[in-house]
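Okay, handing you the structure first.
Chain naming follows the written order as A, B, C, D and E, and within any one chain the residues start at number 1.
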Amino acid sequence: MRMLQATGLSLLLVFLVGLSATAQAADREKLLSDPGVFGTFAVFAVDDAWWRLDREARAKVGEEIKGVLDKHGEQVVADLYLLRGLSDRADLMLRLHSTDLARHQHLVLDFLATSLGRYLHNVYTFHGITKPANYVPGFSDDLKAAMKTPPDPGPKPYAIVVPIRKDADWWNQPQAARLEMMQEHAQVTTPYLKTVKRKLYHASGLDDLDFITYFETARLDDFHNLILALERIKENRHNRRFGHPILLGTVCTVGDLAEVFAR
Amino acid sequence: MRMLQATGLSLLLVFLVGLSATAQAADREKLLSDPGVFGTFAVFAVDDAWWRLDREARAKVGEEIKGVLDKHGEQVVADLYLLRGLSDRADLMLRLHSTDLARHQHLVLDFLATSLGRYLHNVYTFHGITKPANYVPGFSDDLKAAMKTPPDPGPKPYAIVVPIRKDADWWNQPQAARLEMMQEHAQVTTPYLKTVKRKLYHASGLDDLDFITYFETARLDDFHNLILALERIKENRHNRRFGHPILLGTVCTVGDLAEVFAR
Amino acid sequence: MRMLQATGLSLLLVFLVGLSATAQAADREKLLSDPGVFGTFAVFAVDDAWWRLDREARAKVGEEIKGVLDKHGEQVVADLYLLRGLSDRADLMLRLHSTDLARHQHLVLDFLATSLGRYLHNVYTFHGITKPANYVPGFSDDLKAAMKTPPDPGPKPYAIVVPIRKDADWWNQPQAARLEMMQEHAQVTTPYLKTVKRKLYHASGLDDLDFITYFETARLDDFHNLILALERIKENRHNRRFGHPILLGTVCTVGDLAEVFAR
Amino acid sequence: MRMLQATGLSLLLVFLVGLSATAQAADREKLLSDPGVFGTFAVFAVDDAWWRLDREARAKVGEEIKGVLDKHGEQVVADLYLLRGLSDRADLMLRLHSTDLARHQHLVLDFLATSLGRYLHNVYTFHGITKPANYVPGFSDDLKAAMKTPPDPGPKPYAIVVPIRKDADWWNQPQAARLEMMQEHAQVTTPYLKTVKRKLYHASGLDDLDFITYFETARLDDFHNLILALERIKENRHNRRFGHPILLGTVCTVGDLAEVFAR
Amino acid sequence: MRMLQATGLSLLLVFLVGLSATAQAADREKLLSDPGVFGTFAVFAVDDAWWRLDREARAKVGEEIKGVLDKHGEQVVADLYLLRGLSDRADLMLRLHSTDLARHQHLVLDFLATSLGRYLHNVYTFHGITKPANYVPGFSDDLKAAMKTPPDPGPKPYAIVVPIRKDADWWNQPQAARLEMMQEHAQVTTPYLKTVKRKLYHASGLDDLDFITYFETARLDDFHNLILALERIKENRHNRRFGHPILLGTVCTVGDLAEVFAR
């Protein structure tokens, strides 16, 4: 630690970012595409007192967080997001994937035991599980084909989390009625498949939600138009909760976080 | 105390866990199955300041909590849950059972007077009472038989608490209409009887709830599907409050708690 | 003060309890049964910092509170309740009765100026006024007779406060329609007259409530069944707010409070 | 300052009260009766830390507040209210009248820069504007005559603020329908004109309200019955928000405030 | 820095205000009128602790904030508003315009890293995007002409932000029905075009809103009447959220802010 500090913080950050890019490569692809995987979104706000610590006390943020992610890296895929500056009352977010929520608990406990963690308030935690597509098999062939449009390559720096709860009418109607509405849903979203990546988690019972919807994009105007299109369809009448909060942040590395919180 | 510390914290923890397993064995079975028993769920969040105390000041957590539980152990069955890392804005939960709520008050007062307790905020307290099954006598024989499926053996590390309030329409309809809906309720839950243990508390008047539903499972995917099944039936139209909050944690021992809070 | 401390805290407490039993006897009966009397329920949560004061700084709680109650004792009847350990986010409650709310303000100002008071947050204050029974004169003779059942003698250690707000439909319907519903209300409550004492305060305009309902009982199971019975009648459709919060505590003396807060 | 303290706090208070009675006499009558005047209700809760300052640090409250009110006294009429002890989570209220809200902002900024102000949280601020009576010209002559009943002389120590928001149906119905309901409103209030003084502010757009209703009375029982009468008329069906909070306090002088906050 | 302080705070402030007037002139016009521009409203409340710092620690507010705005001035147009004294629980607001939200995040991160920023709580952040007028092309020619009325010249010191969310019915009706309602909307606003400047941001998906409406005026009575007119039309039935909060403040310079926060 001493030596690292001596070589300068900026060097350390480059070093950490490099490491974190390789350390979790193992099963990331699989955990991020398989059904039956648990996803946790843990959102934290930092206490004011943190910012009044002297710089030295805050300097080891990067190293400590990297230590926590590495320790659990074989089993839990962790993504980091900087919400500070874009979302009120929230500063950073962890997205975790693994096949067992207890592993997420252990990781978060270790995260909260770091120097920074002792100053964090866990303002939201949402859990969901991934499942095979529910309605897609019933869609028209044209729609199925359109939905295979791959996202454009290139960085998608913005991430948005929208928690959703449906009303009792939604769940009490027959599957065919839901299928029809979800087909309309899928149709209006196809124009945005190239620029807005999406991922869906089923949450009923694991939190006060039915779904967690997660988005990544470089085009927030497209994302806005996508949500607007979803407001204009029948399904919207069954959204008892849509957002509250909508969490908007930027994908970041341990190094980015360290830079912000060690300022 | 001094000596225990000298022998090392880990030894102490093994020791405590061993003790706590035997100390409350007395009437646990009975209190957890009888009607007419009060159940209290007291949920606490720890103040930031706790984590900034030096390690020594935090080291006696396990011993002190064990002392409180032992003191009341003849009359109150206490279970501990670690919510930290899984539920936002909440760190730990006590579940208490006895035939008199005043005993729960005394236990909680003692708990809050420990070193840790002085840093705890009591963010939720729910009370309920157990009663003989209300609707089961009117169910079909097949359903009654199916409902006798015993839970699979083995540990069920996850615990979930879902507070529920029904609307005025629910309570104002005739018992026969409620019976029909509860029969549908029971039917959709039978596939999960092996993997999800449930316990029901009646809460009207004791808190801003009508029911506290408590679940234990090793299979959070089954628990999720159980709740999803309950969303799809008519009864769901009468849930004015379902969760808010849903509390998700892991069953733990005094030793586990001590390990986390003395870090 | 010094001398009292020298003789031991427990002696002081016996002394205080003895005194408080006689000091307010004057017009208690009358103020608690007359119409036209104001009732105030002031609920407080103690700041964490209180528990970190040394014991000596906290030792004079009993003496100081007794001083405040005595100072106002000729005009204000004060009852104390311990909510800590039973109700979340609330530690103690004052119930005050007199013919003038300004007296309650003066008493609370003095209470908040004690050593303990400086660490209290006033989380709820509800005000109501007692009035002659509104609907009883229109009830059937049988019901009127049944309602005269006196409560069983003996201590009723639990107190519950349920704030209520009716909807606009309730207030806009003719008195006859309300009378019919209130007759049903009275009928379902008669089985509980022996074990659950009740008192009603009218609150419209004095707070965001229409009624404050206050209960004392030794039988929380009966109280639960009473509330359940009230949920099953038509009147329940007109409760825009019922509880939120329901406050549950135990009747206590200055000595009890002092014991808990001076720990 | 030194000298004033030497002459004793009580003398200072008498002195201040005397001064404040004359200092703002200028245009008070006019500003409190003209249309087109802005009214601001700024409500503050004092931080716990204030009460732990030593007495000397708190002694200059009266002098400082008087200084602020005098500085702005030519343009802003200020009234003070003590909410502490009667309303939860709020300790004092300023009511300001002038022809320009910016003047209220300057006064509040100065108020918050006093020793006490630095410990105040501004928990509510409501703004409204006075306007000529909207519906009265359309009332029957009898009602118009009845409405001219002057309030009884004598002190009216209690003040109550009730913020109100109407629903979209209210605003979308024709003026004639609103007139009919407001005539009913006026009729049921006439019995209380002698004992309850009222003042109305229009707030749409200036805050999350449509109206601020302000009351002064010595008879809280009459005020309660007035509100009850208003709940029983059709207009009540269109109150989307009525209160939340209802603020109840006592009219006070700078001296009264100083006495309470310098304790 | 040293030297500036030596020349006196008042001189510094004049200097800063002068600078800030020219520094951002570059693309302000374009960013404030083009479609496709992101607008961010970031609202902050200052922690009590700030006011207890000594004056010297607070003296560099102006210089630091100016440094942040200058650093980002080529890409982000920033406006400042003083909410303190007019809006509860909020002290200051930044309005930012640029073509990329990430720039707003960087600016806010730098702002929060100033001496003052370390004591700020980010209580609200709303984001929106500007778009070409949606309904205007379908309006009558008369209305289109009326809508071209330019605002009166002269300062408009008050700024008001009203966040709005429409209901599912609004979005699910055909464009023609929305056009009709928006034409009515436009008509009732024309009388206020001279005295109330307006700007609209589309927010769906970027926050828990559909629109952010921003107003500037010197005539708060006109602004009030404008909002009242909008309450009286059909569109109001589709406002699920209108305000909550309405933010009311005064346009200010860095110098004004510095003067208030360095007091």
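The working rule: contacts are C-beta pairs under 8 Å (C-beta built on N, C-alpha and C of every residue); 3 or more make two chains touch, one makes a residue touch a chain.
Composition by chain, UniProt nomenclature: A, B, C, D, E = Chlorite dismutase.
This one's a predicted model, so the numbers in the text were calculated from it and none came from an experiment.
Comparing the contact residues of chain A (Chlorite dismutase) and chain E (Chlorite dismutase) by number shows a mostly separate set, under half of all numbers used being common to the two copies. For the pair chain A (Chlorite dismutase) and chain B (Chlorite dismutase), the distance between mean C-alpha positions equals 29 Å. Centroids of chain B (Chlorite dismutase) and chain E (Chlorite dismutase) (each the mean of its C-alpha atoms) stand 47 Å apart.
Residues of chain B (Chlorite dismutase) in contact with two or more other chains: none.
The touch graph of the protein chains shown is a ring with every node of degree two. On the side of chain D (Chlorite dismutase), the complex with chain E (Chlorite dismutase) involves touching residues 36, 38, 42-43, 47, 49, 101-102, 104-109, 112-113, 118-119, 121-125, 127, 129, 166, 168-169, 171-172, 202-208, 210. Contacts from chain D (Chlorite dismutase) toward chain C (Chlorite dismutase) in the complex involve residues 48, 51-52, 82, 84-89, 157-158, 160, 162, 220-221, 223-224, 226-228, 231-234, 236-237, 239, 243-246, 248, 250, 260, 263.
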